[in-house]
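Order of writing sets the labels: A, B, C and D. Residues in every chain begin at 1.
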Amino acid sequence: MAWTEHSIMARRGVAKGQPGKQHSITEASQGRYHYVYGPYAAPVLHVEPGAIISAETHDAFEGRITSESDRPSEILNFPFLNPQNGPIHVHGAEKGDALAVHIRSIAPRGPQPCGTTCMIREFGGLVATGATALLNQPLPEKVRKLHVTQDGVRWNDRITLPYQPFIGTIGTSPEIEAISSLVPDYYGGNMDLPDVGVGAIIYLPVNAPGGLLYLGDCHAAQGDGELCGVAVEHPTVTTVQVDLIKGWTLAWPRLETETMLMCIGSARPMEDAVRIAYRELIRWMVAEYGFEESDAYLLLTQCGRVRLGNMVDPKYTLGASVLKSIAGEAR
Amino acid sequence: MAWTEHSIMARRGVAKGQPGKQHSITEASQGRYHYVYGPYAAPVLHVEPGAIISAETHDAFEGRITSESDRPSEILNFPFLNPQNGPIHVHGAEKGDALAVHIRSIAPRGPQPCGTTCMIREFGGLVATGATALLNQPLPEKVRKLHVTQDGVRWNDRITLPYQPFIGTIGTSPEIEAISSLVPDYYGGNMDLPDVGVGAIIYLPVNAPGGLLYLGDCHAAQGDGELCGVAVEHPTVTTVQVDLIKGWTLAWPRLETETMLMCIGSARPMEDAVRIAYRELIRWMVAEYGFEESDAYLLLTQCGRVRLGNMVDPKYTLGASVLKSIAGEAR
Amino acid sequence: MAWTEHSIMARRGVAKGQPGKQHSITEASQGRYHYVYGPYAAPVLHVEPGAIISAETHDAFEGRITSESDRPSEILNFPFLNPQNGPIHVHGAEKGDALAVHIRSIAPRGPQPCGTTCMIREFGGLVATGATALLNQPLPEKVRKLHVTQDGVRWNDRITLPYQPFIGTIGTSPEIEAISSLVPDYYGGNMDLPDVGVGAIIYLPVNAPGGLLYLGDCHAAQGDGELCGVAVEHPTVTTVQVDLIKGWTLAWPRLETETMLMCIGSARPMEDAVRIAYRELIRWMVAEYGFEESDAYLLLTQCGRVRLGNMVDPKYTLGASVLKSIAGEAR
Amino acid sequence: MAWTEHSIMARRGVAKGQPGKQHSITEASQGRYHYVYGPYAAPVLHVEPGAIISAETHDAFEGRITSESDRPSEILNFPFLNPQNGPIHVHGAEKGDALAVHIRSIAPRGPQPCGTTCMIREFGGLVATGATALLNQPLPEKVRKLHVTQDGVRWNDRITLPYQPFIGTIGTSPEIEAISSLVPDYYGGNMDLPDVGVGAIIYLPVNAPGGLLYLGDCHAAQGDGELCGVAVEHPTVTTVQVDLIKGWTLAWPRLETETMLMCIGSARPMEDAVRIAYRELIRWMVAEYGFEESDAYLLLTQCGRVRLGNMVDPKYTLGASVLKSIAGEAR
């Protein structure tokens, strides 16, 4: 029996975690991709809880970086970056509910080399940027095109990295704001957190009617922090199952795997993102796992785990997690 | 002769800084106030460069906090906070231009006590918040209603603060984003910077056709940092003159007074806001005042001034300035 | 054959990683423990490279918190906290060299319950502190005394955490400064990084003649970030082997295990600690593993790992690492 | 009558603010200058409260940068930077007391050009540094030697800045630590805050017997933030009057002028320094000026002032102040 049969999605979802109708979003049916998370775009799809949706995602550059001699800053046109599929309207989703998104598969698509990473002028974790605004000269731009298959990401003759794909950007619409898909925040967005990978279930707060799920920006591999700002970006077919949990009001995204529970925070400076993630995790343990707050605080001090997602986006993203074996049974 | 006759607005504006047609935005003509800075709302007004506009602004709470026994967190309904007048469409404004906004007058309106300050649960510079997420218990909420006239803000029998009004939130629309009016950023917004006061000219980047100017959130008095997060908020009649500078592409807002030039940055952590402001000021001195970059850097080290606007909003705002007597003549 | 036979310590150490003379530091021979890392205390021991040293470490509270009814803030007496064994003078160590410290074993000592964790007033990752100075009331203090053996840390009837001990505080003396043992910095100190555990080799810069190694503050278990500020503190017998690498000038501590290479940074805000760690790792890969800087930067973007040590000390500590299988052979 | 006759120093000092015996510290009598604030150096002077002390201070480079063709990074030898006069032992000073230091005069000394500013490799507010560790190339170094007299700092043919001297580095010894004179912290140190100028009284916590006052690093002029990290450094004769306030236990330095009360905080990130300063100011207003905490918090929101000292040192320094006319009479 799959662990997902005991997941929160299965226990509390409107569709009880059961797969429903299948849908697909192709490049053609998507038409125009989106560069903001907001309520002002018409849904590309209306689904019922349980729906299984396969989406043809673009890479973060909409496929425009095609050669190692390309200069990203000449090609990219802010704010038209990080194209997103969606929005997907989930029937019955209302402010105060949560969407559950089970990531069933991610597969590369398109001609090889289908992976791209690069250094972009004034962008990245170890360079001066528009936000950390310094007088130093920018580094030269550099593009790497990479052969990516399910068997791995070929870096060079010696190094092949495992293919460990995840969804870099996924979330729901804010209620009245429309925020760049480059930003991560309370509704999800550009979190660039490798835990949002195949097999995991991410839970997202619903802020607007129908939830309005967006996703895109899948990564074939990424280290902690997404150091230079560009993971192994690649176009994919990504398949998710979407369920709806009524009345589960989340302040920030949460994530469940077979073995752990995670809360995700995004903020600057980085310590604020960790604080958000750990405070949410404590609140969750208190609300649903029977802990007293001070005991959860002391216990996570000894066994909490932190994953750095990105240290490059407008807000940094980290996840704080606890093993289910330690959290115990939900009540 | 007024200094404004030699201002950048006068020298480079389409209307040459000359006052044009008068307009007014009343509560009635505004109708619904706005809670985001974005391009998705229809303009309340279309004007030509030089237009003089008087707007009936609401206070940041839309007048809903009426008594010292009110509990802000029970009354306020995020994200419907910080109501803005506008958007105002300026004829001819295109991406890459700048709006010049000369603040001509700000006057309190409405029945006394028309001023409000308060402590709001999990909001402010010296408390745990949603972003600096801690386990400490929130402080009790507290409301002060204050008598505010042109003669001062009456704090108590002993203390009356001078009436030094400014526009807390002013800016243009982003190109495709719609951002909460609680946020300051490159387009202006909720900067809460006291220098944006009567007599000053603020220059704002145009990102969307017509510029789409919003403003509101006037403060009768405010200290550096807006410590608890709520200045002396009050409804006003605010009168500005709007001009348009073609082809002046600003990365961040700038401000001019009779004696100084200022660049304004908004970011977290706070040092990043100062870096933005000072780097922009150096770039300005290099581009238009004949300085070499290293000389401007060394000189501002000896004579630059920094004003802390807010240390409470989603991004902190600071301005870095230099005296015109030091910057010299623009070239 | 043990991996350590191919370690950097073995390849470059004066003693070639071979174990030398055995020494022990007992509570009696240590006499007064130390609360600063500095060159002003007389060495408790002079050793040759290769020396094996067993030290009776105190817990971070010098054993003064003995009951769950104790109030830490009444017992603890800043700056006399976090008592350290040492300093140990390593023959031949000069500024510009590195000490290699192989952690051979850590075992609990003393009567049960020998483990202590607690919430301390205005200290910790999720509370207002002296540095993040807020007006919120402090949380109540709380002490947990824990049964700790090699078999585990008994949290309660349901939860026993594995015994995963490491050295919380270890480092060399600065050249002329004497810094509180509560602080982590370029010389090591209070890093609270779980990777500094049994089996690992930590490399520390030598700043003062003899290196002047200090260590203490062993933890029986700790989560990422040491959330409340107090891990499972316990007194131990800790055994290390110390070697000396001449002319290896480190800006920050480095760590080696069988499978990975790590650089450690300590700073506030947290992003600066990650930047330090990753930049050092890139510099290491360039200097000794044949990478071009931009290639190391792009590669770590895809496969670097980050471990959060502490988010509670005067500086936060993180380690950035790469697998040896990816870094390749040292040149 | 001078305002100082009503100062806190006059009201509470052991010497009642009355000038006592005159002392001088010449280069010869100082002998070796100091590079750490700590208790391990022998006092250069023992004085009684009320003592007036004239000290020949060096500039921050100990006079070693003598030409505009010098390369600072080749000349400067960390940690032997920022030489300090002292320590001065004040009779009767004990942990828990405060020293009052009234700055009576600062005058340039030595041959012209006696002022120095420069850009130092990997140091400064708008460049990548050892703490904000990036991959960008450093800026070229650059030295300016400046003619400095009481009449001004001659920048170039067009610009002469007013001579507004202050003490860049002043403080007491920690109890057991010895901290680099490049660092500002709770005991004072390298605050680089222009308010510490002629006429002001700074109050410093006593941590070690005799207080052990150090001072040096006088600046002829400095902008807010000390942007490039090097103000107009110059050697001086600096004259201060030192008094002792028994039982006034300060967590951080405070400052008094004729018109205002200031608290000074030093931390990273910058918002933490402001928080420290404002919280201390609120605590002061509550303890000695009769305010309720929430009223002080709300009032400073409307009238507090913040001065940015440095944004370049290992901790950033800011002062938060309130007018005496608003604070009212001390009780």
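By definition in this document, contacts are C-beta pairs under 8 Å (C-beta built on N, C-alpha and C of every residue); 3 or more make two chains touch, one makes a residue touch a chain.
Just so we're clear, the structure is a prediction, and the values are computed from it rather than from any experiment.
Enquirer: With respect to inter-chain C-beta contacts, which pair, B-D or B-C, contains the greater number?
Expert: Between the chain pairs B-D and B-C, B-D carries more contacts.
Enquirer: Taking each chain's centre as its mean C-alpha position, how far apart are chain B and chain D in Å?
Expert: So the centre of chain B lies 34 Å away from the centre of chain D.
Enquirer: Nearest whole angstrom, what separates the Cα centre of chain A from the Cα centre of chain B?
Expert: The computed centroid separation for chain A versus chain B comes out at 34 Å.
Enquirer: How big is the gap, in whole Å, between where the Cα atoms of chain B centre and where those of chain C centre?
Expert: Going by mean C-alpha positions, chain B sits 48 Å from chain C.
Enquirer: What residues in chain C touch two or more of the other chains?
Expert: 126, 132-135, 139, 268-269, 275, 279, 282, 297
Enquirer: Could you draw the chains as nodes, link the ones that touch, and say if you get a line, ring, star, complete or other?
Expert: complete
Enquirer: Tell me, which parts of chain C touch chain D in their complex?
Expert: 35-36, 38, 40, 79-80, 130-135, 174-180, 251, 265, 267-269, 272, 275-276, 279-280, 282, 293, 297
Enquirer: Given the complex with chain C, which residues does chain A contribute to the contact?
Expert: For this pair, the touching residues of chain A are 117-119, 124-126, 139-140, 142, 144, 153, 155, 158-159, 161, 221-232, 268-271, 274-275, 278-279, 282, 294, 297-306, 308, 311, 316, 320, 326, 328.
Enquirer: With touch defined as at the start, can you tell me which chain C residues reach chain B in the complex?
Expert: Where chain C meets chain B, its residues are 126-128, 132-139, 269.
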